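Each remark here refers to the structure printed beneath this line.
The letters A, B, C and D name the chains in turn, as written, and every chain counts its residues from 1.
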Amino acid sequence: MNLSQLKPKAALPEPEKTHLKQATQGHRFDAELVAVTKSYGPGAPAVDDISLRIPRGSYCCLLGPSGCGKSTTLRMLAGHEDVTEGAILIHDEEVTHKLPVDRGTSMMFQDYALFPHLSSLDNVAFSLKVRGVATTERRKQARAYLELVQMDHLADRLPNQLSGGQQQRVALARSLITRPKVLLLDEPLSALDPFLRIKMRSELKRIQKELGISFIHVTHSQDEALALSDMIVVMNDAKIMQAAPVREVFETPTNAFVARFLGGQNVLTSDTHQVSVRTDRCRLGRSPGMRSLEGQIAMIEYQGNLVRITLQTTLGDEMTVLQSDTEYFAQNPQIGDTAVMSWHPSDEHVLDPMQAG
Amino acid sequence: MATRKRKRPASFYVLATLLGAYAVFLYAPMACVYVLSFQGPQGGMSFPMVGWSTHWFQVLFQGTGGQGVGDIPSAFRRSIRLALIVGVLTMIISVSAGMAYRRKFPGANFVFYSAIASMVLPGIFVGFGIALTFNLLGWRVNWFSSGIGAQLTWTLPFGMLIMFIVLGRFNPAYEEAATDLGANARQRFWMVIVPIILPGIIAITMASLTSSYEETARTQLNVGTGNTMPMEITGLLTAATSPVIFAVGTVTTFVSFSLVIASLLIMTRLAKRRSSRTAQ
Amino acid sequence: MTPKTPKDASTTAPGTTPAPTGLSRRALLKTGAAAGAASLFPAPMLWAQNIKDVKIVHAGQSYSTIPNIAEQANKDLGFTVEMQTLDQTTQTNRMLTQPDTLDVVDVPNTSMKYFLGRDILMPLAVKDYKWWDKTVPLFTQGTYPNGEAYSMQGYAPIKAQYYTSEKAKEYSLTPTEWLVGVPLYYNADTIGIRPDLIDRPIESWADLLSSDFNGKVALQDGVAVGVPDAAMALEAMGDVTYVDKGNMTKEEIDATIDKLIAYKKDGHFRSFWTTFEQSVQLMASGEVVLESMWAPAVTEVRTRGIECKYNGMKEGYRGWYIMMMGMSHLDGLQRDCAIEYMNWYNSGWVGAFISRQGFYNSVPENVQPMMTENEYGYWYEGKAATDDILNPFGKVMETAGAVRDGGALWDRMGNIGIWNSLMDEDRYLVRRWQDFIAA
Amino acid sequence: MKLNPKAVSLLQVAPMGIIFTAMVLVPLLIIIVVSFLDYDFARVFPEIYLGSWQDVLTSQLTLDLYETTFKFVAIVWVITFSLGFSIAYFLVFHVRTLQIRLMLLAAIAIPFWTSGPIRAVAWVPLLGREGLVNQALLGLGIVDQPVAWLMYSEFAILVAYIHLLTMPMVITISNSMMKIPGSIIQAAQDAGASEFQIIREIILPLARPGIAIGTIFVVTAVMGDFFIVKTMSGGQVNTATMAIVTELNAFQYPPAAAKSVLMLAIVLGLVALLLRFADIRKELTK
């Protein structure tokens, strides 16, 4: 079947490609948070005065450590959590006090939340059923969505007869059938094994591109965020550290937390500034015109075409050098060796000073 | 629990009113019991009140005290002793059986339907059957043999059903996780299952304590000499009338109220400890 | 009180010849008893020593197994008496299925047929019971004191008072040397009336079924009492005629039940009560204005300041009695103590205690010295009270000037129209009674 | 030594099995035998007599008894279920904190620690001719004569049953409801289901085990009860169990035995039927 049938209701009819259609709808952002705070009673708020704009048709990852407020943010977007202060907009329309169903969002839960007493097909068809769509019609549509997630062959199974990955596909189909303007995913891949995780994530990306709607995806995995995102929002301690296109976040982290959390960066002090340098721009050994730091080789990780070497500096910091295997075998350093890490000053990216905590 | 955290929906008020009305209905006859227990010394078991006094409580606590109210303190002691033993036995046996039902095993239907039969058979008939069986075998009935046995036929089916509720949808992953971490069967039981089903265990013990304390039909022929509390009350009601029975009702409510509050405190504390342990 | 009876027993007990081994259990018990008693004879001190460990379990009605009585017994006698109050059904079942768990029982007349020929009860020799000569002739002779025969409709006392012989499986209607048990107390029941709610005198059982009181009448539940009451009323109404309404034929039962069903469908009955408390509550709360009732329940209603009358009907009263018996498993010292206890029970103190609840004791001579003149006058002699009448627990039942409804003992007990009954056609009656309740 | 899992299960269930065998099945066997014997005056003779069974299986009385009994079961079930489900739903999905929920549950349970006979006595001052309800009705001018059918009637029986049996429904249903993950309700909300649709499509089916167990409680309690029938009707209503008790009180064991066996068969049949709709045990072995 043609995917365009599965697009949000607001989308124009086929045959045009969906993500192009989104541009014609005239709204600026798919989702917007304006100074949103969430507190549970006295004490530090769970989400502290955050503002965020998610452009049309983006795959946006909310990334951060456990307890940073990213899930709460997602649940506020979904309408499953009250907003203490601030406003939420979906497609430029304020939805702060609307019911989940009236927001045009749909949430995919971490535990999938499939209805245990309904078959895959009926799970997917549920939202049509509650809208009063006739049985044959809703089953037909639901089957189409099961096809989209390649689950049509297991349509009659109950959730507990499905594997984790299969349950997730059903949950995805069930979310999509509501034709949401924004799909919210709460750690959708965390329960899957690594192989499935990679497969599913390309699947998610494919579906997002085809539907052209925004996906907002909560994760604590940097790899996942980097692989999927158009836009990454890094959160820590109830605040947004950085919200920017993926490349910008990776190459020019705003502060040491972002740099460290995303990985691939060494955070060090140079000329009293805190700076970050990409690990693949660092090398072992001194070179003229390059800045350097001395340390002891603490660990060597062979990763195939690359080798990750960890250096313990005299101050106790850990620095990483990512070398090509050719370079590595040329130098052949050993654990325990004293070594020097050097980098080009132009590769330094100056970080904002971190607040305490 | 996740619900709409917005404005209370209209259904909230409708249902809250319903609950309120139910509470009034529930406590109305109880209120009569409580009020009438403070009947004056000349008063009877129904309205009007002939003055107010704590006379009937004194009668209750002073035992016979020349008031001819039967030997309520001894009956109470007997009942409590029996209830404690039956409560603990029911808890152990039901938990054990509940664990058994997590697998398929031959005879599962047999035990299950025996339990249902035990619930369904008229109590006096079970009691009579047991007494008759003991009689045919030439055994003497006694509170600690036939008495406990007869009460167990009443409490165990409920214990089993509660275990079914408690263990239903009990996620086997907890146990599997514990096994992965090297726990043996005993550790798995004590360190994983028991803490999780603890509220259920408390519920079974409380429920069987209560039903043991209340049971007469099965007990009366099998308890041997010495009446239990409800037997004593029934005996009293058949030929006398005295508000001391309402005083018993008030005191039981008071005692059980304290018990419930205590176990509630324990449960919420446990729940809190658990949630603080698992809090993100 | 000194334990005299066992000594008497030792000299007169039957079967004192040593029994060879292999004899029946009964014979062995006898021998044991006699041997035990014989060894006591020369040394009363030893008796007192031995009985210390004897325990007698007395199970019975809630007005005869009162803790105060046990207290007094333990004071007067050298052994321990433990009391257990049981409802009639439980008690009979216990006696039938677990006779060993009881030693002495008191049971209503309507249960006597259940125990006949089952070797559950211990026959009592007339000579072992001290007060037989002083017992009212209702029991000893089967007559009123004036020698007149009383109604034999229902389970009259003489129908289950004597065994034909010690090991008999039958009751004797004429005096023998073997008593079924010791008659304890008895009463004449009639209709309780709320004169404040009724504007005419009630003098016939027929009023129970009068349409004047439709929906305001209660009967005692069950066939032993409810049916005799109903039969009194039906006969008085002329609805049904009986040959013996205390022991109906199947046809009479059918006629009775059919009539009762008609009344019930008419909404005539407000309730059938099973417990004392219910009967008091029905009357006191105005649920009913006429009700078959027990004397103490009427008194209880009156103590709440509510008028309640209990006068006799022209067709007579409904009589009943309670009998005390030892269980057949008793032997040796315990058997002696049980007999001693039964003698003690009718020696006066308990009789007075229970009489103050409104019942009559079978040995009034013993009771009289234990009561004040005022008390005995009020309860037994139909005299006006000269002072407050207290119940056994010190509660004021009546004040000076009050006269017992129906008058003196024999004004009431001398006019019995029917006794509580257990009919030969019990099986059929119970079956039809079910139809009645279901209707 | 490692036991096979089935053997472990058998060992675990053994104490319960032994108690039921000794204390229920053996007496039951005796009851069955007794139902085929002749009787008179508290005595059962070792002679085959089929009259008890004949009467039970052919008489109008049996039909009348079960008609009344099933009428009570049906009415009580419908009301306790509706009331129990609503209250449980309120407690689980509307009450926000666990403490308040437990407190309310406890408040509902507390009256049950007072003996049945005591509770039964307390109805007359409330529902009797001169009871509080009638006084209120008269005072408010709703009636000008005391209402008699409040007490000693089928209505009174139903009131007492509902008073007694709503609590087990609340407890068992709320237990099942508390096990429904919040995310499932949220997913249904996302899908656009109204509160009513969520109840019908999600909560009702998922609370089925609790409903089933509550139903077993209610059905067996009503069918096995005689005390409430007797006290609340003033001995004027007969049900299947009431009939058994009347016969036991008259020491007529064989007909009582036959009626008990029939009753047992009927209730076991009902339970088996119920388990077809919600097998409460299936959830355990999954």
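Keep in mind that, in the parts below, a contact is a pair of C-beta atoms (placed from the backbone, for glycine too) under 8 Å apart; a residue touches a chain by one contact, two chains touch by 3 or more.
Computed from a predicted model, the values in this text were never measured in an experiment.
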Chain of greatest Cα-centre distance to subunit A:
C
C-D or B-D, whichever has more C-beta pairs in contact:
B-D
Could you name the chain whose Cα mean is nearest to the mean of all protein Cα atoms here?
B
Euclidean distance of C-alpha centroids - subunit A vs subunit C, Å
89
As a quick test, compute the distance in whole Å between the mean CA positions of subunit C and subunit D.
38
At what distance in angstrom does the C-alpha mean of subunit D lie from that of subunit B?
16
Rounded Å distance, subunit B centre to subunit C centre (Cα mean)
38
On subunit C, where are the residues touching two or more other chains?
93, 274, 277-278, 281, 285
Multi-partner residues of subunit A (at least 2 other chains)
80, 99
Mind pulling the subunit D residues that touch 2 or more other chains?
121, 124-125, 128, 183, 186, 189, 248
Quick one: which bits of subunit D touch subunit A in the complex? Just the residue numbers, please.
181, 183-184, 186-194, 197, 201-202, 205-206, 286
Residue numbers of subunit D touching subunit C in their complex, please.
39-43, 55, 61, 64-65, 68, 121, 124-125, 128-131, 148, 151-152, 230-231, 234-238, 242-243, 246-252, 255
Can you list the subunit B residues touching subunit C in their complex?
41-47, 50, 63-64, 66-68, 70-71, 128, 131-132, 134-135, 140-141, 220-221, 224-227, 231-232, 234-241
Contacts from subunit D onto subunit B in the complex sit at residues 5-6, 8-13, 15-17, 19-28, 30-31, 83, 86-87, 89-94, 96, 98-99, 102-104, 106-119, 121-126, 128, 132, 163, 166, 172, 175-176, 178-179, 182-183, 185-186, 189, 195, 209-210, 213, 216-217, 220, 223-224, 226, 241, 244-245, 248, 253, 256-257, 260, 263-264, 267-268, 271, 280-281, 283-285
Flag every residue of subunit A that touches subunit D in the complex, lowest number first.
78-80, 99-101, 105-107, 109-111, 113-117, 126-127, 129-131, 160, 174-175, 178
